[in-house]
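My questions will all concern the structure given below.
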Amino acid sequence: MDPNDNKANAEIKMTGGQMEINGISKSFGIGPLHQQVIENCNFTLERGKLTVLIGPSGCGKTTLINLLAGYEAPDSGTITIDGEPIKGPGKDRLVVFQETALFPWMTTIQNVMYGPMVRGDIGKKELEDEAMFLLRKVGLEEFRDKFPTQLSGGMQRRCELVRALINRPKVMLMDEPFRGLDAMTRELMQEYYVRLFEENHLTNLFITSELEEAIFLADRLIILTNRPACARTVMEIDLPRPREFKVLATREYLHYKQHALEILHEEALKSFSSGCRSESADFMEAYSEIKSA
Amino acid sequence: MTNTENTCPSGTSEMHKNEPAGGKISIRNATKLYDPDGANVLALDNCSMEIEAGEFCVIVGPSGCGKTTLLNAIAGFHGITSGQIDIDGKMLCSGARKADPGADRIVVFQNGALFPWYTVLENVTFGPAVQGKMSKEVARKEAEQILAEMGLKGILHNYPSEISSGMRRRVEIARAMMNDPNVLLMDEPYRAMDALTKTIMHKNLLDVYDRSKKTVFFITHDLEEAIFLGTKVYVMTTRPGKIKKVINVDLPRPRDYKILSSDRYLELKLEVIESVHEEAKKAFEAGERELA
Amino acid sequence: MTVTKPIYFMGINLRKLRMSIFSKTTARGIFAIIVTVLIWELCSRNNVPIIGMIPAPTSVVGALAEQLTTKAYWQCWVVSYERVLSGFIVAQIFGIPLGLLMGLSLKFRDLTFPTVEILRPIPPLAWVPISVIFWPTPELSMIFVTFLGAFFTMVLNILGGVKNVDIRYIRSAQSLGSSNMDIFRRIVLPATLPSIFTGMTVGIGITWAVVVAAEMIASRSGLGFLTWKSYVAGDYPVIVIGMISIGIAGYISSAVIRMLGNRLTPWCKTQ
C-alpha cells in the first residue's frame, strides 16, 4: 500500500461527535395555517455510530435535519454537540442533501477541495493529495476534472459524500441522499457509503423512507411518528459489520424488518384516525391486512 | 400445468367465460439492436424464455439489461431485430414483423398511466368503450364489480389526481382486467411506493392472479417482491441481455406474509440476491467506464 | 391534529384568500403602494423634474370621475373589446386545428413548419402597412394584425402540447384497443387542452398590445386612441386613465380565460 495512503488514512480516522437532542419542538405558520412539525423530540446520536431515522414522508424529517445542522432554531428544547449547545451552521455538522448541491461551475476535484480551501486550513498540495485519496476510495479518480453535469447520479452522490468528508466534520447528516436513484445504483451507493462509514466511524445520521436501506445501514434505527414528529422507537440493529448484501437474506434481518413494519403500521393507523389524508387510506388497509394475517 | 380446464375466469363478463385461458409465451433467440445516432446498442442478445400459460413470471436484472425491451416487444410497442416471440403457438412478432398493441396484452406502467382527464369509471370502462364490445350499462356494472373485488368503493366519479397512488395503481389493474387480457405486462408498477403501500398492492395483485390465473410478466428491482409474487424468477444478465438463471419459486399458493419467515424463502432470497448483485456490479462498472 | 376542510367559492380557497389578505406580506404591499402614490403626488406639486411631469394622482382621480360618466369613454371599451375578440377568436379558429395537425402529422409539419418559422419572428405591428394595403377596410386590416399576434402563439403552444403528450397514455390506449380516431379524441385532445389554454392566455396579452398600438397609429376609436388623443390634446390626466383602463381590460380578459381553462380542465388541480 502506498505509504502516503497510510498517513492519509491515519489522519482521516477522526472521532465523531455525540449529539443530544432534548425536548425540541418546531412549528411553522400562524393562525389557521399553524403546523406543529416536531413536538418534544428526544434522542441521542451516539458517537461513532450510524443512526438511521425513518418515518412516513412529510413527517418532518427534513425539518429535523435543518435543526441539527443549525439552519433553523427550535422553538424550544436544546441541541448539543459534545456537551456544547449549537449556535447555527458549522463545519462540525455537515449535510448531504437530497438533490445534488455540487457547484455546477466547478469540476469534481474543485468541488471536493472547496471547503478546506476557503477556510485555508491546509496547504494546496496537501489538500489536493487528500482529495485524490478520497476520490480514489469512491472510484472517482478518473473523473476529477469532469463537471457535475458530466457525471451520473451515483457519481454525483459519491462526490458529495467526499466533499463533506474532507472537512472532517464531527457529524455527517444525510438527508435521503440516495432518493431518486434507480434501485441498482442505490444499492451500490449504499455499499460505498457503508464502507466509508465503517472505515472512519464518524457519527452519522442518515434519513430515509426506505425500510430495507434503513436496516441495511443502521447501528440504531429510530422510527419517527407522523406529524408532529417525535422519536417513537429506537431499535438497536445488531447485524454484523462489515455489512454485505447477503445480510438481507438472514433471519435476523427479517425479524428487524417485521418489527419495524409493525411499528410503522401503528403510526400510519394513528395518522389516519386523526388526520384523514388520502394516502393514509392505503395505510389503514395495510394495517388491517397485516393484523388478520 | 395446463389451463384448459379453467374456462371460467371469474370476475369478468359472460362473453369471456367459454374461451380457453391462454397466454403461453415462447421467446426464442430474441435479439434487439438499437441504432441511436449510429452507435450500435445491443439491448438483447439471443434471449430465450418459455413462459407457461397462467405463470406469474418475474424478470429481475440490472438497469438497462433489456427487460423493458422484452416487455415492449410482447406488448407491441417496439419490434425485435431477430428471433421470434410466439403467443399460444401463433407468431406474435419476429425480426421481420412487429406486433400490434392489443387488448390481449395489456401493460401497467411504472408511474401509472391512468388518463388524468377521465374519472375512475371512465378510465376503467375505456377499453370496452373504444372496442364497442359492451353496452355502457353492462360495462359500468362490471367495472363496479371489479373495483369492489379490489376493495375500492365509492371512487367511481373521482379523478385520478384525487385518489391515493395505491388506489390509482389498483384502478389501473382493474382497467386492464376489464378487457380479460391473456397476458398482464407490468413494468415495475410498484416502484415508487413505500413498504406499507406495497403490501396492499401485493395482496391485491395476488388476489387477482389467484382468481383469474392470467399470465403475468412482471419486471421489478425489489427482490423480495419478486420471490413473494412469482412462480418463476428470471435473472437477466447485464446488457446485452440474456437469461442468466431461472429460479423456481416452489412456495405454496396462496402466498401470505407468513412465508416470509420460512427457511425456503430465505434460501431463495439469498440465491436471487447473489445472482443479481453479481450482474449489477458488472453493469455498474461498465456504465462508469462508458462515462470516463 | 385536526385538519379543517377548505372552503371553495368559484374555485378560490376562501381561507387561503383570507390568510393572504390579512398577512404581513399584503400589509407591506399596501403600505408600499400608499407611499408611492404619496411621493408621486408630492413630486407633482413641487414640480420635481421628470416625475413631476406625470399628472398627479388627484387630477387623475378627478378626471376619472368625469370620464366614467361619459358615454364616449365606455364606447372606447366596447370598440377595443370588439377588435380584440374578433382577432382572437379567428386566431383560435385557424390556430387550433393547424397546431393539432402539425403536432400529429410529421408530413404536414415538415411542409408547414418552415413557413410558420419564417413568418413568426415578424412582429404583428410590422404587418400594419402591408395589411392596410391589401385589406379593403382599415378595420379588417387591424383585425388581421390582431389575429396574427395570437395565431402564432397558439400554433406554437399547441404543437408543443401535442408533442409532449406522454407516450405511455398513447400506448395504454393502444393496448386497450383504440383506433387512431379514439386516440385523437380521447387522449390527444384532453392531454393538449392545458397547452391550448396556455396559448390563449399568452395570446390574449399579445392581442391587447397589438390592438392598443394599432389604435394609436391608425384609428379613431378605442382605448388606445383615447390615450393617444389625450396626449395630442394635452389632456394629460386622461392619458393615465387610458393606460389604467387598458390594463384593467386586459386583466379581465385574461382572468376569464383562466377561469374557463380551470373549468374545462378539472383534473389539473394542484394538490
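Points to keep in mind about this one:
Labels A, B and C are assigned to the chains in the order they are written; within every chain, residues are numbered from 1.
We adopt the following convention: a residue touches a chain if its C-beta (ideal position, glycine included) is under 8 Å from a C-beta of that chain, and two chains touch if they have at least 3 such contacts.
What you see is a predicted model; the values in this text were computed from it and never measured.
The minimum number of touch steps separating chain A from chain B is 1. Chain pair with the larger contact count among B-C and A-C is B-C, by C-beta pairs in contact.
Computed centre separation for the pair chain A/chain B is 34 angstrom, with centres defined by C-alpha atoms.
We define each chain's centre as the mean of its Cα atoms; on that basis chain A and chain C are separated by 48 Å. Counting partner chains per residue, chain B shows two or more touched chains at residues 162. Multi-chain contact residues, meaning those touching two or more other chains, do not occur anywhere in chain A. Those residues of chain C in touch with two or more other chains do not exist in this structure. Taken together, the chain A residues at the contact with chain C in this complex read 31-33, 36, 227-228, 274-277.
Of all residues in chain B, only 75-77, 100-103, 105-107, 109, 113, 115-118, 126-127, 130-131, 159-162, 175, 179 touch chain C in the complex they form.
Within the complex formed with chain B, the chain C residues making contact are 166, 168-169, 171-179, 182, 186-187, 190-191, 193, 265-269, 271.
Those residues of chain A whose C-beta lies close enough to touch chain B in the complex are 56-57, 139, 142-143, 150-152, 154-155, 182-185, 187-188, 209-212, 245-246, 248-251, 254, 258, 261, 264-265, 268, 278-279, 281-283, 285-286, 289-290, 293. In the complex of the two chains, the chain B residues touching chain A come out as 62-63, 151, 162-167, 191, 194-197, 199-200, 203, 221-224, 256-258, 260-261, 266-267, 269-270, 273-274, 277, 280-281, 283-284, 287-288, 291-292.
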